[in-house]
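Each of the next two complexes has chain A plus one other chain: chain B in the first, chain C in the second.
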Partner chain A sequence: MDGIVVSEVSKRFGDTQVLRDVSLEVGRGEFLSLVGPSGCGKTTLMRIVAGLEGVTSGTVCIGGRDVTATRAADRDVAMVFQNYALYPHLTVRQNISVPLMMRRLRPVQRLPFAGWLSPSVRATLGAIGEDVETAARMLGIGALLDRKPAHLSGGQRQRVALGRAIVRNPSAFLMDEPLSNLDAALRVTTRSEIVAIHRRVGASTVYVTHDQSEAMTMSDRIAVMMQGVLLQVGTPDEIYGNPQDLRVARFIGSPSINQIAAHAGPDGLLCVGGVSVGLRLEKPGNAVLAVRPEDLHLASQGLAGRIEHLEYLGESLLAHVRLTEGAETVICRLSPENRTRLRPDEPVHLAFDHGRALVFAPDNRRLAARPLPSALREVARG
Partner chain B sequence: MVDLSQNAALSRRHTRRIDSDTLAAWALALPAIIAYLLMILLPLLAVLALAFTDYELGARGFAFVGFDNFAEMLRDRTFAASIRNTFAYALFVVPLSIGIALLLAILIEDGARGRAFFRAALFLPVVSLTVAMATAWQYLLHPTIGPVNTILRDLGLGTPNWLGASEWVLVSLGFIGIWQNVGFNLVLFLAGLTAIPRELYSAAEIDGARSPWARFRLVTWPMLGPTMLFVVIITMTRSIQVFDTVQTLTQGGPNNASEVLLRTIYQEAFHYFRFGYGAAVTLVFLACVLVLTLIQTRLIDRKVHYG
Partner chain C sequence: MANPAQTRGLLADLPRLVILTLASLIILAPFIWMVSVSMKPQSEVFSGSLDLIPSEFAIAENYGKVFDRVPVATYLLNGVIVCFGILIFQILFAVPAAYALAKLRFAGREVLFGFVVLGLLVPYQTTALPLYLGFAQAGLLDSYTALIAPFTCSVFAIFLFRQFFRALPDDLINAARIDGMGEFSIVWRVVLPNAWPAATAFAIFSVVAHWNDLFWPLIVIQTGDLYTPAMGILAFRSVEAGEDYGALMAAALLVTAPLVIAFLFAQRRFIEGITMTGLKG
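For the complex of A and B:
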């Protein structure tokens, strides 16, 4: 495999286990987001791929080469840091040329005035200058080349950091929450620019973020991490619609997925507060019924509840409904027309598409749930 | 019309408030201003005035003598020696104490353990009493029973009279000065090093800075700029102000070989009670410090703050 392959990597800092047996493959040219709450180990995993952190056990391969013991400088990866990590004393032009200078010139040749003495150094410096110009043009920072980082805005610094990363055509691209220091509007535009740049550069990219909307919009695949464990890796579609772990379902999606405590009787029929919801499990026991807000709709019968309050978002209406059975409040995304006819405190019934409901075990595992045939469902309800 | 009068009233109130703010500001600054006037500006003016008189302590009167004191300085062999020695001492102590401190600071910062121990151990000379430590140095450098010469003798090398020979005395005092300054500079450098963002070193590593030297050139040195400027100024000033080791160990001897500016001032003013001449030497001393500081801040300050 040509991209990045992480096999069974564990990392320990003293007594704290930060990563547990993490295995992950990033295909050539693929854009993979590593997403999870802060402290889940995603940045550590990225630093291990970069070579800035060693592993306690496991291996890392980049471009078909085992680089577990190779230092960062020799791994041919580029990284964009959260705080950009630009050299404040160097101009934009110098910042972007640093990785090229370090790689194409020997220490002696990097001395000042070496370009005056040696024609070959002069030629290399010229080539470096052209590459820097090309990268800067691609990022639209050509006019800023002679400024220092202190005189740039957050968005411009972010571009310079990107420029420093793409200028040497690395085989892997690592980004550590590169948008977290930008304001909301800039974040959305930069998001699509990074995707566009990735498409042009075509290097395998690992993108660390805690923002699930970034992960959903930018990635080919998403890897969800929690407490040092990789919970699920899949396309945004799979992660959203078919999560294999309740924690994944909870983390992805806004507003968060609704969770309703449920119980399966001896016959496997799943009930909320004694009322069947038309799903059958393989085994009896406690379970969590999870339904996305947009999969809930108003019906003449179903889960009974009372509207707590309404949030009008323009394109939709969020109804917070307190269920009669059980103590949960669920959120239901309705079409905006409902705004005129619904009032707080109004009793409602909620139904959901059985094909899209998810059921999880108390230990967060996904459980298989079969919808009952509709006739049987009516009987169960009666 | 109504609007206008309201505006006028508003702006009147506005002016009044600014006035009370200004008053409050002055009132708050007043203690500091008084202290500055009484304790810094006034004595300085007194020195400035005295430098042009022939005032001697206990004399009934004094006369303005113009630039006579400065003319005397040009003929004064002791003064010439003290200027020469002071600058030689500074040229020896400043680069070495800064270089050694920087090297040690980087080693300590890189080291996995013992940071607190090394920092405390190397800072010890700064907090210990120089006069007391001078006794220890006197013993260490004693020509016959001192451990330094015992070791040199065992190695079959020469045993100079470190504090008694005119060709060695300044070197010996210089070493003691370095020993005193390294700890101080080290603590400043350690603080400066801690303030460098770790991400910059990660970025340098990713960018291909393989050797420690490359990372030093790319990150440490430029990022340490403001600290370096401060350390250079402080060490320079401290070196030019050398007095206590000289006074306790050599009294400027032998034969003025370790006479330094501050000791000359002390001798003239408090030994011979020639306040006028002492004040004139003090002015020269202050001018030196001022010029050095100005050169450094004007020339270097612009290059170390990357704003």
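For the complex of A and C:
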């Protein structure tokens, strides 16, 4: 496999274990997002791939080559930093050409007047200039080439940082929260531009973000990390619809998934506050029933509750419902027409799609839950 | 509309301006006097009156005497060679050392930095004797090497640059590493170009100190051809038997002027450097 392969990497800083046996494969040309709350170790993992940080144990391979002991300069990776890290003393043109100069010219050829003395150096410099122009045109920053970073806006700096990364066709492309310093509107447009650039460049990409909506919209696959452990790796669809860990389910999706304390009796029937919800577990015990807001809907029967608060979002209506059984407030995404019908304090019943409900053990593991046949459900309810 | 505000601003600033003007006059007084005396004939220097503007100008006479009796140009050239020789080596050695102390992680870094700080506490007169003996044994006395070499490793420079480099973002250096630069390229291509305020500040400290230094040149130099500007004034005074103050002040002015001019040019950056390195009182 010639993408990026991280095998059983652990990292500790003094007494703190930052990464625990993390293994991850990024296929050639794949766009993989590394998400997790801040401090989960995702940036450390990326810096280890980049070669800016050593490993305590484990190996890193890029393009089929073991680079665990290789320094960053020789790894053929490009990286976009959160604060862009442009060279403040160089113009945009010089900033973008630095990686090419460092790779295509020998140290003596990089001396200030080498271009005057040697025709071959002049030819190389010409080629570098053309590549820089091409990259700049692709990013729409052709007009800014002679400015210094201090005279650019945040979005423009971000493009220059992207330009510096793509200009040399790296075998791996790393991005550390590149959109976090942009305003909300720019973030959304740049998001799709990055995806388009990735499609064009085709390098294996690792994209670190704490923003689950970026991860969902941009990635081929998502890796969710928490406390130095990789919880789940999968397509956005799998991560959203079929999370294997309650922490993954909670982290992905906005508003976040509803969690309802539940208990399975000796027969395995899952009950919320003594009322069966129509799911059967393999073993009795406490559990957490997790349902996405859009999988809940109003019904004549089901979980009883009272509307606490309504949020009208235009395309949908969020109803915050305090359940009668148990103390939880759940959020339910309804179609906007309900706005005229519903009032705070109104008693309602909520039902959910049993095929899409998720059940987790108290230790966050996913539990298998089978929906009862609807006939049986009626009996249980009766 | 802007007028009342401006007037109020000026009124509020007035006491400050007056105090600053008085203070700078007190500091400038000896220099003003030096300029004035350098233009006066011998008779007027010793007259009882305190006139700033001489009644009779003796500029040509005084300055002519200086150029006549001692090779001023040689002394100034020596000053330039020595000061810039020292400065170039100081930067060459101190910048990589300061970068390593500020940004690289290695065992013993704090201890090494402790030694640097310790070095700041040693006055250079203490090391003069052993250095002199060393140069004498090596047969290097009375040479540019003897004037330059002892000052090439400046702990002050290491300290100053280290404080400044620490403020540079780590990601800037990481970006350079990813772009393919080695540590030496990073030092000269990324770190130093972004540390100009600190470099200017240090350059001024260094050049002023060594241009005016009399102690060390007096110890190691015998040949008149190698005299530094400060020694040159000394030589002029002994040649002139210390009587002709007009000419002496003219010599002093010639020696001081290059520094003053250089400082005026670098003033802005110097102040930037001082504030950014956190050295201000």
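The rule we apply is simple: the second predicted complex is superposed on the first by the 382 of 382 C-alpha atoms of A that agree within 3 Å, B and C clash if a C-alpha of one lies under 4 Å from a C-alpha of the other, contacts with A are read in each partner's own complex, and residues count from 1 in each chain.
Convention: a residue touches a chain if its C-beta (ideal position, glycine included) is under 8 Å from a C-beta of that chain, and two chains touch if they have at least 3 such contacts.
Since we're looking at a predicted model, the values are computed, not measured.
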item: Simultaneous placement of chain C and chain B on chain A, clash or fit; value: clash
item: First, second, both or neither for A:Arg250, with chain B first and chain C second; value: neither
item: Touched partner set for A:His349, first chain B, second chain C, both or neither; value: neither
item: Which of chain B and chain C A:Ala150 touches, first, second, both or neither; value: first
item: Touched partner set for A:Ala73, first chain B, second chain C, both or neither; value: both
item: Chain B versus chain C as contact partner of A:Arg28, first or second or both or neither; value: neither
item: Those residues of chain A which chain B touches in one complex and chain C touches in the other; value: 47, 50-52, 71-74, 77-79, 81-83, 85-89, 98-99, 102-103, 107, 164
item: Residues of chain B defined as touching chain A within the complex; value: 197, 199-200, 202-203, 205-211, 213-214, 218-219, 222-223, 225, 306-307
item: Touch list for chain C against partner chain A, complex; value: 169, 171-172, 174-182, 185, 190, 193-194
item: Residue ranges of chain A in contact with chain B within the complex; value: 47, 50-52, 71-74, 77-79, 81-83, 85-89, 98-99, 102-103, 107, 148-150, 164
item: Residues of chain A defined as touching chain C within the complex; value: 47, 50-52, 71-75, 77-79, 81-83, 85-89, 98-99, 102-103, 107, 164
